[in-house]
Amino acid sequence: MAPRLTHLDATGAAHMVDVSDKAVTSRMAIAEGAVHMAPQTLALIRSGAAAKGDVIATARIAGIMAAKKTHELIPLCHPIMLSKVTVDIEPDESLPGLRVRALTRVADRTGVEMEALTAVSVACLTLYDMAKAVDRGMTIGPIRLLEKSGGRSGDWKAEP
Amino acid sequence: MAPRLTHLDATGAAHMVDVSDKAVTSRMAIAEGAVHMAPQTLALIRSGAAAKGDVIATARIAGIMAAKKTHELIPLCHPIMLSKVTVDIEPDESLPGLRVRALTRVADRTGVEMEALTAVSVACLTLYDMAKAVDRGMTIGPIRLLEKSGGRSGDWKAEP
Amino acid sequence: MAPRLTHLDATGAAHMVDVSDKAVTSRMAIAEGAVHMAPQTLALIRSGAAAKGDVIATARIAGIMAAKKTHELIPLCHPIMLSKVTVDIEPDESLPGLRVRALTRVADRTGVEMEALTAVSVACLTLYDMAKAVDRGMTIGPIRLLEKSGGRSGDWKAEP
Amino acid sequence: MAPRLTHLDATGAAHMVDVSDKAVTSRMAIAEGAVHMAPQTLALIRSGAAAKGDVIATARIAGIMAAKKTHELIPLCHPIMLSKVTVDIEPDESLPGLRVRALTRVADRTGVEMEALTAVSVACLTLYDMAKAVDRGMTIGPIRLLEKSGGRSGDWKAEP
Amino acid sequence: MAPRLTHLDATGAAHMVDVSDKAVTSRMAIAEGAVHMAPQTLALIRSGAAAKGDVIATARIAGIMAAKKTHELIPLCHPIMLSKVTVDIEPDESLPGLRVRALTRVADRTGVEMEALTAVSVACLTLYDMAKAVDRGMTIGPIRLLEKSGGRSGDWKAEP
Amino acid sequence: MAPRLTHLDATGAAHMVDVSDKAVTSRMAIAEGAVHMAPQTLALIRSGAAAKGDVIATARIAGIMAAKKTHELIPLCHPIMLSKVTVDIEPDESLPGLRVRALTRVADRTGVEMEALTAVSVACLTLYDMAKAVDRGMTIGPIRLLEKSGGRSGDWKAEP
């Protein structure tokens, strides 16, 4: 069968696809992204009150809460009952900037890739928000899926 | 004064900064992003029922609605009454993929950069969602602010 | 100028229209609707514990809360700061059923018709929900705007 | 047993009824509604840029997203994990206006009638919103359940 | 093993804990709280139009709806599909004030204590809101869990 | 005039009161609350990874985000555009437990007391959530308004 966009019907109309017949399996996804910034912006985040303060925690909480809102944001995503969400944020001098990684898990009929990608996106936006007063030129990305497991399409890993 | 992260107080605690004393001015922001995909994925989106169908409209609506949710997603963003949101999505064979651009406007005490960036991010995520069954290796980004105007910090444009 | 759909641009793309240049004026809207039901369903709502109970209050609260969510539900509606919402619900034996009327008010750049219509719609849905176990054949409607005032287009009243 | 309103307890207090003991079965519902408008309003929607544009897609997406918000809008509705939502919108010269039909599906302990009715209601409100600048006299309705299947009360179809 | 805060990982980072391996069991929780007020405030709520009016119903509906929003409010709470919520509100001259009690139930991998506590908290806030124009000195609390059952940690009851 | 509940009309029906005629003034509110816990629970929060970790930041962010959701939670609250929110959380061995204080500010037609009280309530619930696995007997409260300023009713301070 030729590949097609499953979220459209034969006439091109968008719909929330029927997952009734899919099996409830354990599904997992990992996504990553980054916020690129000026070296002095990263230095500011890593120094003084900021280093011990709420920057990373705020972005992490924003990412976790956003994962739970994925189906409210992405029109054709199914509501799911996430059983696990973690968001890790690490400074990386080589960018320079911050790397964000999210892991999501569920036992359901549909995958959790969008939830992981949404967590990463919103965590990155939150980091941008907190540093934008000193650096408007930051860029977000690339945001991508690293791996996913479970479901009919099976396991998948991004090329390194 | 040395630059500092305005969203943290002196102890490093996150807070929603006081904008009471800022002037109500007309503020505007433009952000952009892209979804990079395999050439055949872009071809699929541009052909047949999909081309005439709801792919672009769905991502556009998702972006517009997300702009209105920005303060629910980004913990330290102020609620604002957006007076205009547009989201434009164009195929670009040179990526290959889709380019997304959002413009936001408000008359308020605080800027609309985060609203434009959030609209772009969620429009990109929605495009990813609709095509992910045929291409999990897509990447989102770079997402960045192109320009903003209004407010105490004045006008700003990204370097080309 | 020929009439056109203001929520679409020249290419047919949906957008949230710019209201920056509109004047902040006092705006008001009144909408109405009805739930038609079997006579015995209405009798049940008007008798015993139900009559003194929470049926009407629940639908009224749902309508008021929905008015505040209008911009989250209707993609191209602007967020506004409603300054008043009332929802009245009256039994009407001539339907037979319940009549719902909502009034909304704001001082803003954009009208409150959609807020009044949304309050009526959700109040009607809530009434349906509470009585559906005894009467699935109820119908909702007609829902319509009765009058609105304020704004550039001025006052308007529905024909009787 | 005499029929009673299940959403009220013996004192008339509203509550979210216990569905713990209900069986998880496959449940489906179809609802319909319409927006009645002036002939020239319908003609405007069916011509030029609008015809190829986002009017129908916007209302469809609004309806699908609203179905997922049903339990946030209707106070006594249970949260459920919808497995399918479709919204179809067709012009009908005989009204004149637009007909809206929604289908919802779930495997759960509680039905999806309210989700289908909410999708129809919000799609109708969105259509009204997009055309209201040219026709404030449009009316919405009748909105009604067409059929439902699954659950203890079994299958049900509206009289034609 | 020494007790530890399960919502933090070994580095102190907050995460949504993995409940994938927990059993789906029937879980129930009961929480209570109170709003303390001046005697004349309670008298006002219990007399005239207020007594027959929507005060108690409004707070009850607010509590029920808030229970469904618990995972949106509490960052590390899992989304769950509540199968039952009741909120009872009784005047108590001995406070003087109003006592609030909520019961929540679910068949899931995680408990419903936070849902019951959130329902009580928001019902109390709603009561405060409705009476605050006549009595700003009201206090809310103590809010506490009375009992819970189901899950790995088993049944628990508060000391009387 | 005898005191009355402003959120009810003459028939006892709840409504969102009209604030159109109120002046836009600078308004501020401060509320406080506490979570009482076993001494060893407080010790656990103050030691090791937890002390340097996200406990306080998570509750603070939850409180700030909840302040922005007040009008979604409290049925008759007006939507407002908060211009400032801070949430402070301090351990207090004399409880033993954690004290929470929130300050909210706005320039609007209606006050921000409910926003401050909601921020405190949800921050307390979040603290309870994070520690509940080791101490289910914690109690929340008393939650109360400490002071407010601005608006027709003027300044107010709680008795010490």
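Note that the chains are named A, B, C, D, E and F in the order they appear, and that numbering of residues resets to 1 at the start of each chain.
As a convention for this text, contacts are C-beta pairs under 8 Å (C-beta built on N, C-alpha and C of every residue); 3 or more make two chains touch, one makes a residue touch a chain.
Being a predicted model, the structure only gives us computed values, none of them experimental.
Visitor: If you check the contacts of chain B and chain D, which chains show up for both?
Guide: A chain counts here if it touches both chain B and chain D, which gives A, C.
Visitor: Over half shared numbers or under half: where do the identical copies chain B and chain C land at their interface, same or different?
Guide: The interface is built from different residue numbers on each side, given that under half of them are used by both copies.
Visitor: Higher C-beta contact count, C-E or C-D?
Guide: Answer to which pair has more contacts is C-D.
Visitor: Just grab the chain with the largest centre-to-centre distance to chain E, centres being mean Cα coordinates.
Guide: Result for the farthest chain: B.
Visitor: Report the inter-chain centroid distance for chain C and chain F in whole angstrom, where each centroid is the mean of the CA atoms.
Guide: It comes to 31 Å between the two C-alpha centres.
Visitor: Compute the distance, rounded to whole Å, between the mean C-alpha positions of chain A and chain C.
Guide: One centre to the other, that is 37 Å.
Visitor: Going by the touch rule set out above, which residues of chain D reach two or more other chains?
Guide: 13-14, 52, 54, 57-58, 60-62, 65, 69, 72, 75-76, 79-81
Visitor: Sort out which chains touch which and give me every pair.
Guide: Touch list across chains, by label: A-B, A-D, A-E, A-F, B-C, B-D, B-F, C-D, C-E, C-F, D-E, E-F.
Visitor: Any idea which chain E residues touch chain A in the complex?
Guide: Residues in contact with chain A: 9, 13-20, 71-72, 75-76, 78-81, 108-109.
Visitor: What residues of chain B sit close enough to touch chain A in their complex?
Guide: 3-8, 10-14, 33, 36, 40, 44-45, 49-55, 57-58, 61-62, 65-66, 69, 72-77, 113-114, 117-118, 121-122, 124-126, 128-134, 136-145, 148, 153, 156, 158-159
Visitor: List the residues on chain F that touch chain A in their complex, please.
Guide: Residue positions touching the partner: 52, 54, 57-58, 60-62, 65.
Visitor: In the complex formed with chain D, which residues of chain E make contact?
Guide: 26, 57, 60-61, 64-65, 67-69, 79-88, 105-107
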